[in-house]
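Below, chain A partners chain B and then partners chain C, in two separate complexes.
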Partner chain A sequence: MRVLAITRASLTRVARDRTSLFFLLVLPVVVIVIIGATVRGFSTFTVGVESTGTDAAGRALVSALERSPGLKVVPFATTPALTTALARGEVAAGVVVPAHLAAAERSGRPVVVTVYAERVNSVQQAAATAVASVIVGRGALVQAARFASDHSPAGYDAALATARGLDAVLPRVAVRTVRADTVSSTLPEGFSYSAPTELVLFVFLSALAGGATIVETRRLGLYERMLAGPVRARHVVLGEGLTYLVIALVQSVLIVTIGSVAFGVSWGDPLAAGALVVVWSLVGVGAGLLAGTVFRTPEQATSIGPTVGIAFAMLGGCMWPLSIVSTAMRDVGHVTPHAWAVDAWTILLSRHGTIASIAGQLGVLLAFAAALLALSTWRLARRLH
Partner chain B sequence: MRAALVIARKDLRQRLRDRSAIVIGVVAPLLIAGVMSAAFRGTASFHFTLGVVDADHGSVAAGLIRALDEPDLRTIITLKRLPSDSAARTDVRTGSVAAALVIPSGFSTSVAGAAPKALAVVTSVNNSAAGGVARAVVESFTAQINADRLSVMTAVQSASPLDLGELSRLAQGLAIPLRTLQRPVGARELTAISYYSPAMAIFFLLFTIGFTSRSFFVDRAQGMVERMRAAPIRPFEILVGKALSVLVYGVASLATVGVITSAAFGARWGDPLAASVLGLAMVLAVVCLTALVISAARTQRQAEGVAAILTFGLALLGGNFVSLSSSPPLMRTLSLFTPNGWALRGYTDLATVGGGLSSVAGPILAILAFAAVTGTVAASLARRAVS
Partner chain C sequence: MAGNALLECVGLVRRFGERAAVSDVSFSIAPGEVYGLLGPNGAGKTTTIKMVCGLIDADGGEVRVDGRAVGSDLAVKELIGYVPQDIALYPDLTAEENLRFIGRLYRLSGAELSARVAEVLAVCDLVERARDRVDSFSGGMKRRLNIGAGLLHHPRLLVLDEPTVGVDPQSRHAILEHVAAMGETGMAVLYTTHYMDEAERVCDRVGIIDHGRLIAEGSRRELVERLGERDRIDISATGDLVGFAARCRALPGVDSVATTKESLQIIAGAGREMLPRLLEAGAGVDVSINAIDVTEPDLEAVFLHLTGTALRD
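On to the complex of A and B.
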């Protein structure tokens, strides 16, 4: 009962603090929306296209680019706007479709489509290569129409119509894509990426920043006042631990609910996901209690806490998939509990894993939680005695 | 104004004695920028190994492999010969090659016939970008073969007087008339470290709003403000003193992070004068925001809450966490309602296009306009805060 009384008092303090509520409940949702809208395109190149005033041939070229699975086309009104966006890295290549493409194609002279991309920038070079492939594909029809009109009685337009008809049925040298594997080692893109990673980030970050409350309670002498009553140090430690656990679980449930209801995130096997949420909350409790005993001032907790939380989140793959960093950085990332949690979410969301599939990750996270809880409980109890 | 200087000096000394100011102003942005730099080292470029299985050994296959090895493609593709289809699948699955091209036996001879054999690009679900580029390069090569086949058949269908053999011979000299001309825009690549160094420096600079507001209300609670007002000090000077301490701290923090990330991590902040003026404008905006929070809040708790929400709100909208370059257009538009969004746009332009002070005049003016508006509102509320 004494433990629950301490937990209730601490939770009431948090619930009455509107700033805490903003950070615990509103900020995670906002970040999920922003990261979810942003973390896309690891498998596609965004290509800017300026095609104002173009004709039917130009529009056909733009729609061929749009149909290409590796490209995402973004329209631009002017060439300077397109080149500025390319310079800023907002697009990986820029295509300027000639205004009178149909007439140029018919003229018999080679038609050149300008593609802006730096050769020394390999991302842009790769995007330009993908664009060139689409444009050359379109050029096949033009070549066939010209060749046929040169060597037969048919005119260019009639030959182009014949070429278009034949193009759909003529056996061609096809390029098949063969998948060597079907198991993804990264989380799906969009909200299915941002929701689980932000859950990992925010539960830990909020707990670390929440260490400021324990520092403040220590400074105000609230613990001494509690211990003046029939309360033992272990009641205080348990009460504070339970407070952090309730906050972490409420935050997790909120993120999981909003993720699935508003953004359609499928969290995988419910038992495994539930176990992961609880174990990760325990890691957060350990980290928060430790922060409360390590920092001397609330300023330190609110400055060093978020810094450590963000750095760990980056290293652990919450901001970008660890598959895009070097092997050494991936190993360094696994020094943080975050990387193990993200690995477990990846198994649940991308590979439809069960609790048995994430047993290894859960074991490592439990070890992190046990170490953090043991250290923080010992430090807090020692301060109270 | 001497009183303002004394207040500023006292505030700075007080802040430096609590190590959290050093952590927020210097250590934290450097740590985060260092993590970013390490994480993205070697990954900013797009280069992959493409496995090639040549079971055909014919002339068309040789031409295709030559095309894959052209100088233009060497910046993105390194070729690795593989013995068999199964070796290609295994190597792609294990990641020792990013993708593989399999040229089947009899491919070269089939190309001239009615049923040409298909090429296969073996890809991994974990490296679809490499698979996509490999496919695009191979399709660029097969496009000419397919165009020639289509040309001959179109001529035949259009009642050409020439026979199939003659048309096929004529088609061999054709080149697809629609080509791309690749042109540079003269911009440097925006590396992660060049974006996130100013992004993190500005993010942690925003924390100053909270620190300074808290220090003001603590001073007031301890009766410092009343004691200062009992001396011949005008309320305006108290605010100027606080503002000066933010200005000095902010400039020192940005300058330190700028110099260290440039020297240690190779971050490009651009022309020193332009980068400095842009940074100074950003610090001024933070000073005005701090003044606004102090003037508008009634209690320390309120000030801390508003400052924290403002810090994270501006950082999220302004692009300090996720690169504006990879954000959707709506996010980029929203970022222009924040001074930090404008500052990051300025630093992005300096790091990529380059240029001097005039090239970032737009962002600087936008930030100063933001500072002027918040400063004016703060000034009108200031009397209430110190009275």
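On to the complex of A and C.
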């Protein structure tokens, strides 16, 4: 009852503080949206097309480009305008359709469809490849029509129409991309990256900043008042720890729910994800309690705490994947609990891991939590006396 | 006194490093008695009551409440109501929420908790403001609620650590009235203060503490009687007060002289007859005497007599 009384009072204070609520509940969602939108993958390439004055065959090619699911076509009036847009990054590739495409096809002359893309730019090369596959498809139809008109009484136009019709109805060699069960060392892109990493970041960050509440309560003399009554130091530690745990779990559930419902994030095996959320919350509890004993003033806790939290998040792979940093920095990153939590989320989201797959990471995080809780309990009990 | 004492402190010692904050302090308080621990800031009052409340361990001696040692026994702590010197309340909770919180710590719940909260709000004259946040209260209201929180569980021993510091005269008067009334209900009250007039007004007995030692104890009358036929002479003056004090000390019949910023406080026998010699002593130094007041001895005079310094120093 005494433990719950302390938790209840602390939670009431948090619920009454609009600034705390903003940082606990609103800011994480905002950051998830921003980062998710920033690091999302390229599912569609925007392609600039200059087809001024082209004929029916040219229009058919443009139409084929427009129908291609991976391309979004933006028309340009001139080739310089197209190349300028490409240089500015407004389009991923540029296509110039020749003016007399139909005549060239019919005559059997070589036809050049110019595709602009930077060789060393992987995104532009990928867009050019997608464009090339559409042009090659058009070329196959023309070759089939020419072959048919050369070996039958049918004319080229009729043969081309037949080829087009057959293309629409005949079974074709299809390419099916299957998601491989890879051992990716990074989280998926987009919201599947931002949601779990922001959960890791914000639960820890909020706990550190929340240390200000303990510092303030200590300075107000409330702990002294409690301990003058029938309350032991362990009741205070448990009561405040339970407060942090409730806050961390509420924050986690909010991020998981919004990630799933609004942004389609798949959190992997529910049991493993749940265990990871609880263990990470315990790490946050330990960090928050420790902050409450280390800092002397609430201002120190609210200014230094988030700075430490963000630094740990950077080192631990919450801001960018650790796979892109040097081995030495990756090793340094694993001094923080964040790196282990991000590793665990990576296994769950990118490798379809189970609770057994992340047992090692959970073990390390539990060790972090135990060490932080033990240290903070010892310090808080000492501070209270 | 020890026979029916509710609080017994025997030979209390507490050191902070090499410094002895409290040395061999012993006193007891009977049910219904208001006991004042009077001394200047840093005398050891707060350290003593922290040992009484089990907030810090004594390096020596023992504290017993109702015959049981104060320590790890939570049941003993339930007998004590502690009112700290600072306002130990959540500023962002309402008065009622604060009281409910403290009541739950003392395992009060349900109708009993509600009744106690209502009772304390009435005693503190805060019924109208029960649902207002504490940070919207005046200093006096916060002080009253701070005291009320210590009364919530009907303690048998109430420990108040300088409850009137920073309080306006009206609230101070109300607080002192409450403290006096608590003694009348049978509650034992330990009241620390460095205001002599408060100790004189509300305390049945007073212990004078200085430099961690209890140097005298008794009722006001008993303490004043220690001075015998002596008077207190207050001389308001400017100039070389140190030189003036030295000359006064050398006069026969002067027991002690304390200087403040603009006055001398002198304990001497036959004060009125002493005045010409004091004026003569003042004439020998560069000092301008503005006023002289000869009064009957009070607790401050006792303190001056015992320690050689004024209580305010």
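Note that in this section the second predicted complex is superposed on the first by the 243 of 385 C-alpha atoms of A that agree within 3 Å, B and C clash if a C-alpha of one lies under 4 Å from a C-alpha of the other, contacts with A are read in each partner's own complex, and residues count from 1 in each chain.
Please note the rule applied: contacts are C-beta pairs under 8 Å (C-beta built on N, C-alpha and C of every residue); 3 or more make two chains touch, one makes a residue touch a chain.
This is a predicted model, so every value here is computed, not measured.
Of the two partner chains placed around the shared chain by superposition, neither chain B nor chain C is touched by A:Ala339.
Contacts of A:Thr19 after superposition: chain B is touched, whereas chain C is not reached.
Of the two partners chain B and chain C, it is B that touches the larger number of chain A residues. Of the two partner chains, neither chain B nor chain C is touched by A:Val237.
Of the two partner chains placed by the overlay, only chain B lies in contact with A:Arg138; chain C stays clear of it. In the superposition on chain A, A:Ile247 makes contact with neither chain B nor chain C. When the shared chain is aligned, no partner comes close enough to touch A:Leu205: not chain B, not chain C. Of the two partner chains placed by the overlay, only chain B lies in contact with A:Ser152; chain C stays clear of it.
Comparing the two complexes, residues 17 of chain A contact chain B in one case and chain C in the other.
The touching residues of chain A, when paired with chain C in their complex, are 1-2, 4-6, 8-9, 12-13, 16-17, 217, 220-222, 224-232, 385.
Within the complex formed with chain A, the chain C residues making contact are 53-57, 74-75, 77-78, 80, 82, 84, 86-93, 97, 101-102, 104-107, 109, 149, 153, 159. Contact residues of chain B toward chain A in the complex are 18-20, 23-24, 27-28, 31-32, 35-36, 38-47, 72-73, 75-76, 88-90, 92-93, 100, 102, 111, 114-126, 128-129, 131-133, 135-140, 142-155, 157-162, 167, 170-171, 174-187, 189-190, 207, 210-211, 214, 301, 304-305, 308-309, 312, 316, 321-329, 331-332, 345, 348-349, 352-353.
Partner chain B is touched in their complex by these residues of chain A: 17-19, 22-23, 27, 30-31, 34-35, 37-39, 41-45, 69-70, 74, 83-84, 86-90, 94, 105, 109-126, 128-149, 151-154, 158-159, 162-163, 166-167, 170-186, 297, 299-300, 302-304, 307, 310-311, 314-315, 319-320, 323-326, 329, 332.
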